[in-house]
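Shared between the two complexes below is chain A, which pairs with chain B and chain C, respectively.
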Partner chain A sequence: MNLNILGWKCEGLRCPDFNVEINERGNNSSTFFQMPNGTGKTTTLRLLKRSLYNHEFKSSEIEEFKAKKKEEYKKEGFFEAKFAVDGKIFYIRINFDFEKKIASYSSSLSDEGGYVLGFKLPKEIENIIDKELVDLLLVDLEIDVKPMFRDSQTKAQEAIRKFCKINLLESLINDFKNFKDKKRKESSQSGNVQNQINTEETRLNKIDIRIKEVEKKKDQYKKYLNDTEEEYLSGKKQLDDALQRDSQLNRRRQELEKKRDEVKSKYDEILTKNLNDIKNIGTYENNLKIEVKEFVNNLDEMGLPEEEVRIFFDKILKKTDCICGEKLTDDKKEVIKKAMDSFISQEEAGIIGKIKDAVRKNTQEHDKVDLLANSSLIQQLKQELDATNENINILNNKALKDDRNLSDKIKKLEKEREFKKEFLDNIINQEWKARDGEDTESLLSLGEQKKIVEKKLAELSGTKEIEEKVIFLSEIIEEAIVASENEISKEITSECNKKIQEMFINNPIYINSIDKHIVLEGQAEGSTGQEARIGIIFLLTILERSSIHFPLIVDTPVKGMDNAAKRRTAGFISDLKSQFICFVIDADKPNFTVEYIKLDKKNSNFITAFRRSKEFDKLTDSIETKKISNNGQVVYGYPFFEKFTEEEDSI
Partner chain B sequence: MSFKLVEKKNKDEEQNFIDSKDFFKKIRSGSDVDNSSPIKFDMDIFFLCLLVGLKENKKEDINLYKFHGSFSSKYIDSYLNVKPLITGLLLSKIMREEKIDKNEKDKIKKSLKIYLDTNDPSNLTIKCFDIMHEYFLGGYNILLKKFNFKAPDEISVFFDKYNKIIVN
Partner chain C sequence: MSIDSVVLNKIKEKLSEKNQSEDLIKELTEFLKEKDAKSINIEEKNQTLEKILKKIRL
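So, the complex of A and B:
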């Protein structure tokens, strides 16, 4: 099955009124769409995304789509996207009412028009397309690729689940669970049992609500980390640069940092030594040393342990004759056994022996320890460490005096990011504990609590057999999910690495593994350009595996790349089989589209869209393949695409 | 058998009582201000409290307290050398409490059989394990008082006070 984007039309929005026909020349395989900065690339991408799933527009969001220029403001506007599923055309239209601040969908499932109110996709794709999938298909490489590489995020895993249809197995588990819930609710019990069922149902409901809340928070935190990463890293770099600027201050700071590291190392050492010294009871003077010594002395005085005596009796018991020469009858053996039991066993003697050894070593052999001397050294080093840190802070404050606001902002951001990472990495993954309530934020615990309540409900409602069968089947499917995810991840890693080898001729960065996120070989993170390239390789690799051919729409495909990488990306795109649309600005063209046109075997589309101005209108005077509105123009063909270099001011 | 840390006092007689995990929270490895603390494990916390209880000969009734779930069923590796010393001290305390004279060899041997379990990795019977937790509680209560029922902020301050308690 093939899903293609054929074009879009917009009026009365923040971007100029455009009417874009991707397959204007009967070919929609690869399209390069040039829009100057500020012409509405992001707006177009966002609305294209929202044309593929039913989005609830908030009034503040609607405001963002409104035309900003006074003379262009209209009370109403729309964005209409044209798609084809296996050649069958359909339209989705988003209607904006800027006065009432509302947005609504209308859909047409044929080429003859006839819109109906509401969001409706053709049957072939209505159960396949959702927001998560769309977010993977329409990507801003600067923003959307990062979560695939960060350890607190799970976007790579989500992509594999989605495209390799692993989520269908999850929906199967859900179907089983729904069936089980239905059966449970159908069985009504009497009196007290029904009251208990109601109580447990209420608890189950609370757990479900809590899971949803935590999942929502998880998504929000992931988004926050992703959204603030650029700001945080660039802010940190700016502050580092500021610290390096004054060479005298910098030298002094380096000296202090060296001193701090030395003091810190000694401080860590004495703290560790102190804890180990405390553990060595008997090496320092106190009443415990006296007590434990006395205990061992008493044992010595009593001749304990006396294992040899017990062993002696034990050996006699195994003989037929006693050492005195008489026969050992059962009665006599019983007497010996009683006598033997008054002696401690070999194992007990072993424990006593170890106590004596440990006490002897600590009180006689080991060096004596002075815990008070430890304390003095700890205090002295702590004071030194604090003073050095304080001096470094003073120097930093001096160096950052012009960047005070930025410094405060980055500190705040750092704290907030750490807090959210802690939530994503630890809090939601904490093991279940018996005392956990429904208010916990651990998804593992909530899952476990849910299982317990469901089990109880099954017992109360007499549906235990169904419950057990569903658990049995679900566990098999869950195991299959894990196993298939591992296998597919390995295959995708290998396929991606083959492509990486072709694309990164110099210094290739390979993928080590794909678990929840993409782990790079030998480095924690890649540069923006490296991650963008690997991200696009990853997406294309999983797209190729899918039996459904989706379009891939990429904003800023070569941003952050050097010239060689741009050329290799061009080569890579020319080999793609599924529909590919990318948004570029004129600065992206050298080494990218210029290179691509030489390799183009597909007669690709080159489209330029811009806000009208006298200057730009003159440029297109002699061109026929264009569509003009009152404030925008869409021009088709490579010659104009190549020629177009000027950018208008931001809207 | 399992080692446990105390969470709260059942009858809330002591309003200021702090969960032992919370008391050590700011001075645990990774959470402390200088990232220098050697207190890494729950076993470290348990041991530090237990030692104070043994030193000060102070026990508390375990039934008056609510414990966290078990953090370990046996001594962790870094405490294997400490195990015989703790066992020795516990046996010594028990025999003193039971007023067993050092010359009463049979009584001592009987006690060893009651309090030592050769099949348990801790070498202690349930009864002895409970006594160990009583000393742990006693020690923790002393620490709480010494720190005015406020969790210490810095490991250097904690060890300064702690060492004084242990050697005095």
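So, the complex of A and C:
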């Protein structure tokens, strides 16, 4: 199956009115789309994305698409995208009503003719394309690639699942689950059993609702971490720079930080020692010591645990018949006596014996531990630590007096980000505990609770066999999911590293592994440019592997790359089998499109789109391959693409 | 866009490790390929799932 974007048309939006035909020159393999900054690259990418899945537009979002220039404002606008699936053309149109702040879809499928209201994809792709896939195929390398590299994020794993269709196994588990639920519901019971079924069904429903809530929260937190990362890191860097500006203050702060670390280490040490001392009950005076001593004395007086065992064996020895029914001869009694002695000696080494020994030992070492001395040292170190932290804060406040707002903002952001990271890393992954309720935020626990309720329901409804078979099969499929992910990740890692070796001649950064996110070799994170390069390598590798013939659309494909990397990216693109569209600005052309044109075997599209001005209109006077609207122009062909620069008078 | 061969191999491998019949493995992988290629109506889907579950050896 082959999906291509053939073009798009927009009117009355914040970008100029453009009518873009990607296949204007008879091919649709690679397209380089040059747009000056501020002409609507991001708007176009966002609307192309939303043309491929049914998006619910919020009124605030609709406002963002509205024309900003007063003279260009229209009450209504639209974005129409033209696609082909296996050569069959279809259109998706997004209609904006800026007065009412509403947006609606209409679709035209080639074999149905005319527009119909609503969002509708051709049946060949309606089960394949969804938001997740579109988000992976239409990417802004600066924004969308980051989540592939961050812990707490799972975009790389999601990409592998989606492109290699591991998701199909998850959907299979779901099919069996639905089938099992259907069977259970069909088997109605009477009276009390049905009441119990209803109770458990209600509980199951609550668990399902909770899982959905937590999943939603998880997605929101991931998005928050991703959206605020740039702001947090750049703010933090700005604050670090400000702190280091005053060398005297900086030196004093470093001394204080050294002191704080030393005090903190001593403080941690005494806290641990104190906790261990408290665990040795009996080594210090308190009520528990008296109680424990009494407990051991009572055990001794009662002859426990030895006496109990001896009574049991004595009773057997006095009988003529053994408890197994056989006659008790002298020889057999001798064997039992030996067993009794051996049993008692084992018992002495048992748990109660250990407790008794520990209590005796600890109470004999009376006054060995001085908890009062511990407590006073803890207090002293705590005061010292607080004072040092306070001094550091005073110094920081002094150094950051001109950046007070930024400092407060970053502190707040840091706190919020840590809270959300804790949720994603720990809270949702906490093991199930018997006391957990449906209000827990642990997805593991909710999953476990769900299994328990479903098991109970299967017993009550008499569908235990189906339930067991579905659980058995689901576990096998889950194992296959994990094994597939591991193997595919290893293969993709190795394939990406081969490309990295070719692409990064100097200082290559390799991928160590791809688990939930891409883990780089020897460094926690890469720079924006490094991550963009590795991100595009990852996407290209995964596209090649999946033999997916869907378009890859990339905004800023070479941003942050050095010249060699730009040239190699051009090489990779020329080898791509599926459609590739990228948005560039004039600064991206040297070493990228200039290099690509030398390798181009596909007669690719070079398109330039810009907002009309007198100067630009003059430049295109003699060009025929162009489309002009009242405020925008689309010009086709490499010669104009090559010459065009953003400074209007320098072409 | 078709299901990755590693995914199909792994599901076959895991079912075989759990002592499941060749017949079941074939039925399940065929169903997966069908799911991949087209949307299956619920009735047809339930019939296949029932057949697969009958072939499972616990």
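The rule is short, and it goes like this: the second predicted complex is superposed on the first by the 511 of 651 C-alpha atoms of A that agree within 3 Å, B and C clash if a C-alpha of one lies under 4 Å from a C-alpha of the other, contacts with A are read in each partner's own complex, and residues count from 1 in each chain.
Quick note on the criterion: a residue touches a chain if its C-beta (ideal position, glycine included) is under 8 Å from a C-beta of that chain, and two chains touch if they have at least 3 such contacts.
Just so we're clear, the structure is a prediction, and the values are computed from it rather than from any experiment.
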First (chain B), second (chain C), both or neither touched by A:1: second
First, second, both or neither for A:286, with chain B first and chain C second: first
Which superposed partner A:330 touches (first chain B, second chain C, both, neither): neither
Touching partner for A:358 - first (chain B), second (chain C), both, neither: first
Chain touching more of chain A, residue-wise (chain B, chain C): B
Chain B versus chain C as contact partner of A:549, first or second or both or neither: second
Which superposed partner A:175 touches (first chain B, second chain C, both, neither): second
Contacts of A:186 with chain B and chain C, given as first, second, both or neither: neither
Partner chain(s) touched by A:165 [first = chain B, second = chain C, both, neither]: second
Footprint of chain C on chain A - complex, ascending: 1, 123, 126-128, 163-166, 168-169, 171-172, 175-176, 179, 182, 466, 468-470, 472-473, 476-477, 479-480, 483-484, 487-488, 491, 545-550
Chain C to chain A touching residues, read off their complex: 1-4, 6-7, 10-11, 13-15, 18, 20, 31-32, 35-36, 38-39, 45-46, 49-50, 52-53, 56, 58
For the chain A and chain B complex, residues of the former touching the latter: 264, 267-268, 271-272, 274-275, 278-282, 284-288, 291-292, 294-296, 298, 301-302, 304, 342-345, 347-348, 350-352, 354-355, 357-359, 362, 371-372, 374-375, 378-379, 382, 385, 433-435
Sites on chain B touched by chain A in the complex: 34, 36-39, 44, 47-48, 51, 54-55, 68-69, 79, 81-89, 91-93, 95, 102-103, 105-106, 108-109, 112-113, 116, 118, 123, 154-156, 159-160, 162-164, 166-168
